[in-house]
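Pasting the structures in now, so scroll down.
Next, two complexes with chain A in common: one pairs it with chain B, the other with chain C.
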Partner chain A sequence: MSAAPPPARRLSGLRVWQNNQAWLTPLLLLVLPVGLFGLLIITPIVQSIWISFYDWDGTGPATWVGLSNYAELFSDPQFYTSLKNNVIWLVLFLLAPVFGLALALFLNQTLPEMRLVKSIFFIPLVLAHVIIGVVFTWFYDPTFGLLAILFNWLGLEPLAILSDEHFVTFGIIAAALWSQIAFCLVLFLAGLSQLDQELIAAGRMDGAAGWSLLRHIVLPQLRSVSFVASIITVIMSLRNFDMIAVMTQGGPYGSSTVLAYQMYDATIFSYRAGYGAAIATVLFAIMSVYIAWFLWHTLRREARGG
Partner chain B sequence: MTDRSATTTSNSRRCISRRALGAAVAVLGMAAAITLPTGVYAADEQTLVVNSDRSGAGQKAAMNKIAADFEAKNPGVKVTINYSDVESYKTSIRNFLVTNPPDVAFWFTGARMKTFTKRNLFDDMSGFFAENNLTNVMKPWLPAVSEGDKQYMMPTNFTTWGFFYNKQVFEKVGVAPPATWDELMAAAAKIKASGVTPFTIGTRDLWANALWFDYLDMRMNGLDFHMQLMDGKASYTDPRVKAVFAKWGEPIGKGYFLDNASSYGWQEAIPFLAQGKAAMYLLGPYVLTSLPAEAHGNIGFFPFPVIDPSVPKAEEISVNGVTIPSGAKNKPLARSFLAFLAQPDNLKAFALGGAVLPARTDVDITGDAFAQSQMALAKNAQGSAQFYDRDTDPEMAQVGMKGFQEFLANPKRSDTVLERLEAARQRIFK
Partner chain C sequence: MYPTPIQERSRPVRIGYRVSLYAAMLLWMTPLIAIMMTAIRPQTDLLAGNYWRLPSHFALFENYREVFATSPMGAFFLNSVVITGVTVIAVLVLSTMAAVALAKYPLPGRTLLFAMFIGGNFVPYQILMIPVRDLILQLGLYDTVWGLILFHTAFQIGFATLFLRNFIAALPNELFEAARLEGASEFQILRKIIVPLLRPALAGLAVLIFTFVWNDYFWALVLVQSDAAKPLTLGLAGLKGEWLTAWNLISAGALFAALPPVALFFLMQKHFVAGLTAGAVRG
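Let's turn to the complex of A and B:
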């Protein structure tokens, strides 16, 4: 006890509390959130990294293998296919904020009918990814699907998107984009409703209209929304798993697999928890870059006072 | 008696939870995959918990009746059955065996059983067969549930595999069920010429394709070599395996298989057969259980044809069973339930409900023509393998079946595929 009371005074719990309240209060208030954060976020991360140094099947005894899971990973052609697909996902997913903004600008009108139109555009956001995946699988079905019917109608040979190693990733991304655009749309609509109308009026008086109004008056005000939309889109693209699992199970022969799915495949089907953990660690390292950027950006903005 | 689909919901819960976890999702998702419990069970001592993947309508109905009869015979006992579909059961069994073991769990025998017995997750059931007078009647299937001289599962039923064909298509084209490979190819050529796809297949979930590999290997190189390959003792770049791929490449190269097979799950490929758009499907009796009863009359069966007459005719016979996990809470009750299930009438109802055969030699199946044909096939077999993904290491099976999927889509890559399989074999069976 560094803050022990002088011996002359009577020691009482109340006094101890009063003397140390300044630092005890925040400590007590922080115990629960920090404890939960440690238990639910930090511990699994550390555990997962730890497991990645073992050869472990998930239930039996684990053998320490050092970095050999990583060595194997970096010589595994499937890893590079997954990584390449992750990059394609990341790049194409950035179309979501662009389309989301365009749709938001289009829908941001005060007509009474717009409520119905807006709610129609929200639908993809309400549906679970798994359901979207199933519906798009039917859509792409090379025999009975709508796309096949369309191709036949145009007199073309139907394209089996989910069976073609070159198109499959794009096919899944299209399905995922469908819901991600709706997500960005919601963010941008919220952002547009917060616009400073006086600034826009002033801009109009100075002769800004159309593109220049959008470019110099509206977009700068949407900066923080755009930032959030892009960063969440990037993270969503990196962790996408459910649609791949539903639509192709990573196939054909691994050509639509991304890191998150490869991790699942290695852990669940090949009984290699250590190898799966190594993939998880690599994925975590990639994501950390974006999370660090996000944190840095947020902290900097907070330091500037909003 | 109640049934819950705990495993299925836990699957979707995993998807939703992934969405909510944000940045650390990769790491946390893995933790979830490892630790998610498969259901919440009542702590009542008189409740017997059964986890089952036999969720087809026929087997489910038979099982529910057996459970109800068991409850009636044992007052105070309640049987809770958690059904889930086969594919999600495969992903969840490891979790529930460790975190929340039921009293009774259905599973595959052979290498897939050994995956768990070598981790001591299944109870030793060696005395069970003698106690219940099952040793003799279950003798043919006991090797499949044994490791060393101990038994860890009770065999319930077995599945035979072969070609299911559309009788109308065969009739219209004028071909008979072939007995040799050349006849099969000739029939396929005729069928193809008439505008029907000879072989339907769905490879999205990989395994159906492995039947072609297993059968070609057994028919060309014999069971012994096939089992050496499964045990990792023979090479995938061996000329004999290359010959299998070359043989398999014939029908693939001629376009006899369904286009874009990897767009379909194994079940989604069945309608092509039923609708007469395809003529044959190399699969198990799941073809029949997936179709409505009125369609069964048009579906015929013939075994995989002979390729080399000098090679003894081995068949693919997969034995399924049921076990008591080591962590079960009511082991004596579970044993008496299994003994009840093993009674000839119960086992017969349970097996025939899924169009598979009961694993008891003394069950009377004379009323069921299809079951009789399958029993004859099994009896005439000069040796048997279980199935690619039940005979070899699970990781090897995953790599191998992906390779078969790629080969079916791109037969020109056979050497690349086999080299990749060989590299995997050397790593896995070191």
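Let's turn to the complex of A and C:
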């Protein structure tokens, strides 16, 4: 007969909650979101790296093979094609912050219709890469495409950009740049709207104008935006998959693959999950450098209380 | 203002600016104008090489009738609506919870969680692909919209939490202290004080998440197979292979798939831009 009567126990349970809710609340709040994120994002990263040490078709039994997936990868000519294309993507994608800034300077005016004009320039940003890919495929089509009309008009033989191994990657990048420039434009316009007007007025008083004003007074104030625009652009350049999948499926003859696409191809079409995981791990390692750089920047700014 | 406001320039410069502004806009929109012009044409025009002149007749409705009659575009659309809608709601709820915990309670390992959320947001999808696909298969959610919803929700939580955390951290602590002194419980504070103040931020976040999820192609490709669960992006990519050179139908389909995020963007442009630039511009 030692059990306390139920109402009293409930009361004490309530009291426990009341006394501890200050630290229990955050834990309760975090359990589900952090749990989901851990289960579907963090754990899979570790698992993928682990799978890369196995020979596995994706469904059957897996055999430990140590580093041999990597050894094979580093002697696979397709891997070097992908890597080369990744570098081309990365370098050409850096045109996006440059064009984005130029366009932002061009559009940073207060005309009555400017709001509408800016929204129109932002549109590519909200279009799915699949849609952009489809539209540009048609653009490049050597018999039905717009580009073919342009070539014919100039009296030239239309170039089949997407089936020419020398041009295909550039053709896809041009399509992808369209939306990436729009992204950088949004960031730079926001940056320009927060410029220190007094500094600019003072610069003008000192006789700075045009280029020198841009270089010595405006750009230094855009440093943080420029960094964020550039690093996100680099990360996006390495992540691109959709457009390649839609426009060429890596072709012709694997000439337009990047690591992201090669991984998918190896895993899904060749049933080589272990090999695919090794490709993913290499891509992840490369991108980690940029992610870490971005993290460092953000956390430092956070610590400064900015 | 930088550059110099155009109003302070001479008249020829002002006219020149407007002309080049509209020229640039036209050039920028060429791809979209092209698909609009194509979506209103009958296919006979395309076969005859008539791309830019007036269409022989206005065939927009005819094209859409054919799109919906010969393809499951309507079903794809509904799938996209369910996947995106449920994900947006789930992400808003879960990330508000996490963001409050991270912004207003002293927790050990807060910076680590913070770093994890930022980093997770940028990882290449391929490093997640095989294990996520396996997990969704094991849960019996492969080839259903629920598998996609589960993954998208988990993935977007990172970005959404960071986003909301900044807003919540900016709310004055005195607000919470006062409520506590008056005997409000922690959950009452969350529901009655934080969420109402957060409404504009939640609106911006909802538009962003909507766009990200609506436009997803990769995860649909990996987690879904049959028409019954395909979203519009995946459906459209498949139809491109089926319709081959029926570019009038492909264009009509592409416009249809693009319309919801574009419309939402125009309705909520201010929130969208504020959301996208929230983290990037300060400092």
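Going forward, the second predicted complex is superposed on the first by the 257 of 306 C-alpha atoms of A that agree within 3 Å, B and C clash if a C-alpha of one lies under 4 Å from a C-alpha of the other, contacts with A are read in each partner's own complex, and residues count from 1 in each chain.
Assume a residue touches a chain if its C-beta (ideal position, glycine included) is under 8 Å from a C-beta of that chain, and two chains touch if they have at least 3 such contacts.
In this text, all values refer to a predicted model and were calculated from it rather than measured experimentally.
In the superposition on chain A, A:Val91 makes contact with neither chain B nor chain C.
By the document's definition of touching, neither partner reaches A:Leu150: not chain B, not chain C. In the superposition on chain A, A:Arg301 makes contact with chain C only, while chain B stays out of contact range. Contacts of A:Ile41 after superposition: both chain B and chain C are touched.
Chain A has more of its residues touched by C than by the other of chain B and chain C. When both complexes are overlaid on chain A, the residue A:Gly60 reaches chain B alone and has no touch with chain C.
Contacts of A:Thr267 after superposition on the shared chain: both chain B and chain C are touched.
In the superposed pair of complexes, A:Ala160 makes contact with chain B only, with no contact to chain C. Of the two partner chains placed by the overlay, only chain C lies in contact with A:Trp138; chain B stays clear of it.
By the touch criterion defined above, A:Gly276 lies against chain B and chain C together after alignment on the C-alpha atoms of chain A.
Across the superposed pair, chain B and chain C both touch chain A at residues 40-41, 44-45, 47-48, 58, 128-130, 235, 239, 241-242, 259-260, 263-264, 267-268, 273, 276-277, 280-281, 283-284, 287, 291.
Interface residues of chain A, counted against chain B in their complex, comprise 40-41, 44-45, 47-48, 57-60, 72, 77, 128-130, 140-143, 160, 162-163, 165, 235, 239, 241-242, 248-249, 251-254, 259-260, 263-265, 267-273, 276-277, 280-281, 283-284, 287, 291. Those residues of chain C whose C-beta lies close enough to touch chain A in the complex are 1-3, 5-7, 17-18, 21, 24-25, 28-32, 34-35, 38, 46, 51-52, 94-95, 97-98, 100-102, 105, 107, 111, 113-120, 122-132, 135, 150-151, 153-155, 157-158, 161, 185-187, 190, 211, 214-218, 221-222, 233-234, 236-237, 240, 245, 247, 250-251, 254, 257-258, 261-262, 264-266, 269, 272-273, 276-277, 279-283. Interface residues of chain A facing chain C in the complex, by the touch rule stated above, are 21-23, 25-27, 29-30, 32-34, 36-37, 39-45, 47-49, 51, 58, 103, 105-111, 115, 117, 119-123, 125-139, 144, 146, 149, 178, 183, 186-187, 190-192, 194-195, 197, 200, 213-214, 217-218, 224-225, 228-229, 232, 235, 238-239, 241-242, 245-246, 259-260, 263-264, 267-268, 273, 276-277, 279-281, 283-284, 287, 290-292, 294-295, 298-299, 301-302, 304, 306. The touching residues of chain B, counted against chain A in their complex, run 12, 15-16, 18-19, 22-31, 33-34, 90-91, 94, 97-98, 115, 118-119, 121, 203-206, 259-263, 272, 394-395, 398-399, 402-403, 405-406, 409, 420, 427.
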